[in-house]
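First subunit A sits with subunit B, and in the next complex the same chain sits with subunit C.
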Partner chain A sequence: MRGVSVRSTAEILLVGIVLLVFLLSGCRQEASQDSDKEDRSGGEARPAFLQIGEFAVHRISANRTEVRDGAGRTLILIPRGAPVPDDCDPRHVVRTPVKRVAAYGYFDVAALRMLGVLDEVLVGVTVPEKEWARCSADVARGMREGRTAYLGDASSIDFERLKQMEPDLVLTWDPSSLPLLDDLHIPAVITSTPQATCLSARMRYVQFLAPFFGREKEADAYFARIDAALRDIRARTAGAGEQPKVMWGDIYEKRVMVEPGNAWVGELVGLAQSSYQFEDVFGTSCIEISVERFLYSGETADIFFTYRSRESGASSKEAIARLNPLIKDIAPLRSGRVFAPQPCYIQSMDKLDEILTEISAIIHPDLYPGYMLKYFDELPDRDTAHDKDTRS
Partner chain B sequence: MRILARFWKALGSMNLTILLCLLLAADVVWGYAAIRWRTALFIPLNDLGLFAWMQTYGRHNLTYTGWFFALLVLLALLALNTASCTLERVRHVLAARSSLSVVRLAVKLGPHVMHAAVLVILLGYLASYLYTEVVVGTVLLPGRSYTLPGDAGVITFVEFRHEVYQGSRLKVFQGEVIRPEAAMMLSAKGRQREAILGFNQPVRLNGYSIHLSDFAPKKPGGMRLNKRIDLHIRKDPGVVLYLTGIGMFCLGLGLYMLDWRMYREVRQ
Partner chain C sequence: MSSTADLSIAPMQGTFLSRRPLLVFCLLICATVLLLLLNVAIGSVQYSFSEILAVLRAPFDTSTASAIIWNIRIPRAIAAVFGGAYLAASGLLLQIYFRNPIVGPYILGISSGATLMVSFVMLTTVSAGLTMLSPYLNTLAAFIGAYVVMLIVLAVANRVGGGATLLIVGLMMGYLCGAVSAILTALAEKEKIKGFVLWQLGSFSGFKWNEITLLLLGGGLIIVLLYCLSKPLNAFLLGEEYAASLGVNIRRFRLLILLCSCALAGMITSMAGPVAFIGMAVPHMARLSFGTSDNRILIPGACLMGAVVTSLCDLIARSVMAPVELPLSAITAFFGAPIVIFLLLKRRVKL
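For the complex of A and B:
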C-alpha cells in the first residue's frame, strides 16, 4: 500500500513538473513570439518590455507604447496623427515625439541633453538663469534667447507662465503639481521614485525617456558609453589590494541624511572594490538615519563624501567639524579624506561615465595616476585665507 | 474512469503534501533572495494584476521571477491535494453519520472545515491578484476632489490634520508628523459623509477602499513642500473571500478544540 502511495506521489509530482515546464516554456515561447514583434525600426531590435528600476517601457504596437513613471502611473505614448484608442484616459496620453518640455530637476535637464533634444524642446525650468550659466551654457543660452522660461521655484511654480509656454509634457519630481497640471491638460511624468535609484536604473533612465522623443538610438549609445566606463572601472580595480571604506551623507540641524546601500553610489562603491559603510541601509535617496549609526560608521571610514558644496560651507575638514560638532571625531575628518561636490556635479549627470570614473579614482588614487578632479573637491584640513575672507 | 478515480485518490496523498511543503519551502527561499535583489520587479504586482505582471515583468526576468511561477504551480497542486484529501475524508465522515450525533458529526468535520478555509483564503488571494481594480498615483490637494471609476462616488480632501511628535526622547522625530490624518468628504448616491483617512486607516466608499500612501509636508515649517496626500484606491473582490476563509478557519478551529475537549480527554 505504501509502495503504491509513493509511486502515485511520484506520478503526481511528474504531472506537476510537466505543468511547470509547460508553463515556463509557454512563457519562453510567448517571449520569443513577442521578440518577433519587437520594434525593428532603424535596423535594431528593441525589447518589447524594458524595466528600469521602478520605471518601465512596454512597446505594445507601433502606435502604442505604455510607460510606467516613478509614481507607478501609466502613460500611453501615441504618435502624432495616430488615433487615440478608446481605452485610454486622455489625461494620460502623450503625443510623440514630444516637442515642448518643462523640467523641474537638474537630472531631467541633463537627460534631455543626453538625448540631444535639449535645445529643441526645453521650454521651462525651475532654476534661474544665473544658476545655469556656469555649467549648463545651453540652458542659459535658451533662457537668454527666450526659448526657455524660468517658471519659479519648484515649490511655487507660476502655472500661468507654465501655461503660456505650452509644454507638451512636464518632467517633475513633485507629485503635488499633478492636480494642477491635470487642470491645464498637460501630461506629466513623475521622475523621482520612492526607493533610491540603483546603478542600473541610473544608467538606463535615459532609455525610459527616449520613446517620448523617438531618440532610442541616442539612449542606447549613452548607455553603451556608461557601460564601457563601468567595465573599465571593474577591470582597473579588480586587483586593488586595499578596500577603502566609504561613507556618503551629511548632518543638517541634527538630522543625518545618507545615501542608502541600494542607491547608485552605494553600488558603485562596492563595484570599485571598496566597502560602503551604509550598505545595509535600504530606502529612498538621502535617507535619514540616526546620529549614532552615522558616528559608528564614521569610526572606521576612510573616505567621506559630503552633500555640501564649498558654497554651502564645506570648505575644509575644519569647517565641516565646525558646522557639525557632532561628527568632528569621525575618522575621515581626523585622518582620512573628505570630498565635496563641485557646483557642476549636480548639473552634469549627462557625463555619468566621467563621474563614475572620478569616484573610482578618488577611492583608488594609485590606480589612476595623475587624475585631475573635475566634479569633486578634496577638502584641506583647514580653511585657506581666501575661504576665511569669503566667510567673513 | 478507474484511472481518474485512482489519480484523484493519489492526489490526496500525505506523501505528496509533505513533498509539496518541502518544495514550497525551497521555492520561497529562492523567492526571498529574488525579492531582496530585485524588489522593483515585484512592486507592480500590487497594482498591475497577475496576468499583466506575468506578461511583462514576470516573463522578461525569469531568473528572478521564475520562483513565482513555480509557486503558483506548487500552490495549485497543494490546493488540489488539500481538496482531494479533505473531500475523501469528509465522504468517510458523512458515510458514518448515522452512528454519530449532530454535535459529534460537527466536531469531526472541524479539521476539514479548516482545510476548506485554507482553500477559500487561497482562492481569495487569487481573486485579488486577478480581478482587483487599482488606481495608483492619485494626488489630492486641500479642497480638491477625485471621482472614482464608473462615477462610483466622489472623494474630497477637506483638510490635513496631523499629530506632531513633541517628546524629547527621540530627537530625530522632533517636530515630525507622526500621525497624519486627512479629513475627507465622501459622496455617493446623493449622500455625503465625513471620514478620517490615515495610515492603516483606509476609508471605504461604494466597494472601493481608499488608502493613504504618502503625504507632504512631513514636517510643518520644514522644506517648502505643498500640502498633499497620495492615494492608493482599490476595489478588491478577494477581500470577501479571505475574510470568509478566516471566519471558516476560526469555526473549524473551534470545532476541533471542542472535539479535543469533549471527546479526546474522555478517551484518554
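For the complex of A and C:
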C-alpha cells in the first residue's frame, strides 16, 4: 500500500543522466578495459587504454602515457631523460617515475602504500602525525624522521612548506588549488570525481596511479587480490538464505545523511546477497535525504552502518537514538545491529579486500564463523559506564 | 543611507481594507492552507489520500505512517509557515527601522551569532559531556548565540542614535562571529564539519512539537504586538519627528522594533538554521501585491506571503529530487534574488 514516491520528471531525467554517465564512464568492470589494442612494448600484455570511472590511462607509446584525472584534465607522463614532445603543455607534463609526492587524502596515501612506494616518495601530508600514529606507523615514522612534512589542513595548505618539500606531484581532491600549484610549477592530479566512486573504480584506482611510479605489476597484484576477495564473497554468500537489509549513513540533530546507492558500499551490499535500502539514491558522496524516507527504510532494515565514530558520539544504539529522537524507532536501533567505524578504517583502504570481507562477514555472520572485527565495532544497546565517564 | 520613504498618506488614511488588499488576503490565505495540506500530503514516502486521512484520525497510533505524518510532516509544514511568516515580519520591521529596502533580518548579525555558538557545539569538544541536552543542543546553542548578539545590538542601539552606526555595528558583529566560526571550522575534524555545513544550509526538517509550541506562543505574541504597533510604525515610516509629534516615544519605539525583529529572526534561526532571502525579498513582494505601505495591511500580509513562499520553497526542496533534500536557502535564493534584482532595476523598491 505504501511505496517510495513516483519520481518526478526531473528526477527521472537526473537518474537517466547519471546512468548514462555510468555507462560511458565504464563503471562496469567488463567495460573498464575496452582497449582496442594492447601495448606490448614492455614485453608483457597491457591494455593501451584503461577507463577507471572518471579516470583514464592511455598508453600512446613507450615514452608517452596520457592520463585523465578526476577533473577531466589530461596529464602527460614522460619518462625521466626522454625528450618532452613539442605538443605538450609543460604544466601538464609529469616525469616518471615520480620520486616525491604530497598527498591530501587518506585514500591517496593508502594507494601509495598499495604500490609499495610510500616510504620512498611521500614528502607531504595534510593530517598531523598523531592521527597517523594510530594506524599508519609508516607515515608517522616518515614524519618523525623528517622525510614527510605536515603541510597544514587540506583546506588551508601551507604552500610555502609545500614548495619547500619540492614534490614532483601533488595528489589532491581540491581543484581550487590548481591555479596556485600551476604557478608553483608543481604538477597535480585531482583524485576526486564529480561522481561517486563505484566499486570497480575503487578497486582499480591504484591502476590509475601506477604509471606515475612504474608500478603496474603491483597495481595488478593489488587488483587481483581485491578481485579474489570479491569472488570469495560472492561464492560464500551465493547460497545465503535470507537477504539482510542494510542502511549506511549518519544521523544529526534534525537531519540525516546516507551513502548513495551508486557508491561502492551500495554495490558491495548488493554483491554480498543483501539489499541496500538507499539503492535509488544517487549522489557524489554521503548525501542528505528526508527524515521520513530514512525512517521508512529503517522500519525494515536489519543493519545500520554509521559514519560516526565512537569519539563523535556513536558509543551505543541509545546514544545514536538520543541524537535524533525522530528516528529512534528504526529497526536496527531497536532490535537490529549497528556498526561504527574504528579509527583505522579510514586509513586502511590499502586493505580494501579485508574491509570488503569484514562488511560481508557483518552482513552474513553465519557464513563467517569466528570472524573477529578489525575495522568496525558493533555498538551495544546502551552506553557502558566507561563511555559515560569518558564523556563527563 | 538613502531614505526611500515617499509614502503617500492616502492609502493609510483611506479605507483600511479596500478591494485589492482583501482579494490578495483571500488568495494568500487560500494558498497558505493549500500549501500546508500539500506539504502534509506529499513526501518521499507515498501515501494515498485515504491512508493519510486514516492516520490523521488516529494521532496516537504507533505505526511508521503515523510517525511520518504526525511527527515529521505536520510539524515541518507548520514550521515552514511560521518560519516564513516570522522572517518576513522581521525583515519588514528592519526595512522600516533603517528605511532601507535591501536589509534583511540577518543584517544585525543574528545568524552569525547563532552560527558561532553552533560551531562551538558541533566543531569542538566543549559539548562532549552535555549529552543530557541532546537532541536540543544545537538549537539551544543557536538560540543563545542569536539572542546574545541581539542583546549587544540592543545595548548599542540604546547608546547611539543613528541607524547607520547600528547597521555598521551589526555588520561588524557578523564579521566577528564569522571569523571565529571560520577559525573553528579550519581547526575542526572533517567528519564534524559535514554536520555543521548541513546546519548552515538551513532546513525545516526535524522540527519537534515542543518547538512548534514555542513558535506559536512566543512568535505569535510578538506578531500580535507588532500588529498593535502598526499605526506608530506608519508614523515612524514618515519620519521620527512626525512620529514624535504624534506622541511616539522614539527611543523606546526603536528598541522595541529591534527587539521584536531580532527575537523573531533568532527564534527561527535557532531552530531551522539560517534561511536566506525570505526576510529581504518577501516584504517587497507583499508591498507589490497589496499596493500599499500601510503596516496594518503589510504586517499580516508579509506574514502570509512569507508563509506561502517558504512553504512552497520547502516543498520544492524536499520533492524535486526526493528522497534527496536540496538546501532550502538555495531554493529561497532562486525566488528571492531575481525579485530583488527586478525591483532594483525597475526602481520600484520603496518603503
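Just so we're on the same page, the second predicted complex is superposed on the first by the 345 of 392 C-alpha atoms of A that agree within 3 Å, B and C clash if a C-alpha of one lies under 4 Å from a C-alpha of the other, contacts with A are read in each partner's own complex, and residues count from 1 in each chain.
The rule is simple: contacts are C-beta pairs under 8 Å (C-beta built on N, C-alpha and C of every residue); 3 or more make two chains touch, one makes a residue touch a chain.
Remember, predicted model here, so these are calculated numbers, not experimental data.
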Touched partner set for A:E288, first subunit B, second subunit C, both or neither: both
First, second, both or neither for A:T384, with subunit B first and subunit C second: neither
Contacts of A:R308 with subunit B and subunit C, given as first, second, both or neither: second
Touching partner for A:K254 - first (subunit B), second (subunit C), both, neither: both
First (subunit B), second (subunit C), both or neither touched by A:A71: first
Touched partner set for A:Y296, first subunit B, second subunit C, both or neither: second
First, second, both or neither for A:S61, with subunit B first and subunit C second: neither
Which superposed partner A:Q164 touches (first subunit B, second subunit C, both, neither): neither
Residues of subunit A that lie at the interface with subunit B and also at the interface with subunit C: 5-6, 8, 11, 153, 155-156, 254-255, 288, 290-291
Subunit A partner contacts - residues on subunit C that touch it in the complex: 42-48, 51, 64-65, 67-68, 71-73, 128-129, 131, 134-139, 186-187, 189, 191-192, 194-195, 198-199, 203, 205-208, 318-325
Residues on subunit A engaged by subunit C in the complex (per definition of touch): 1-8, 10-11, 14, 153, 155-156, 250, 252-255, 257, 278, 280-283, 286-293, 295-296, 299, 307-309, 312-313, 319, 322-326, 329, 391-392
Subunit B to subunit A touching residues, read off their complex: 6-7, 9-11, 13-16, 19, 39-41, 43-44, 47, 54-62, 66, 69-70, 72-74, 76-77, 81, 136-137, 139-141, 144, 171-172, 214, 216, 223-228, 230
Complex contacts: residues of subunit A adjacent to subunit B: 5-6, 8-9, 11-13, 16, 19-20, 23-24, 27-28, 30-31, 47, 49, 51, 53-54, 56, 58, 68-69, 71-73, 153, 155-156, 174-176, 178-180, 190, 194-195, 198, 201, 254-256, 288, 290-291
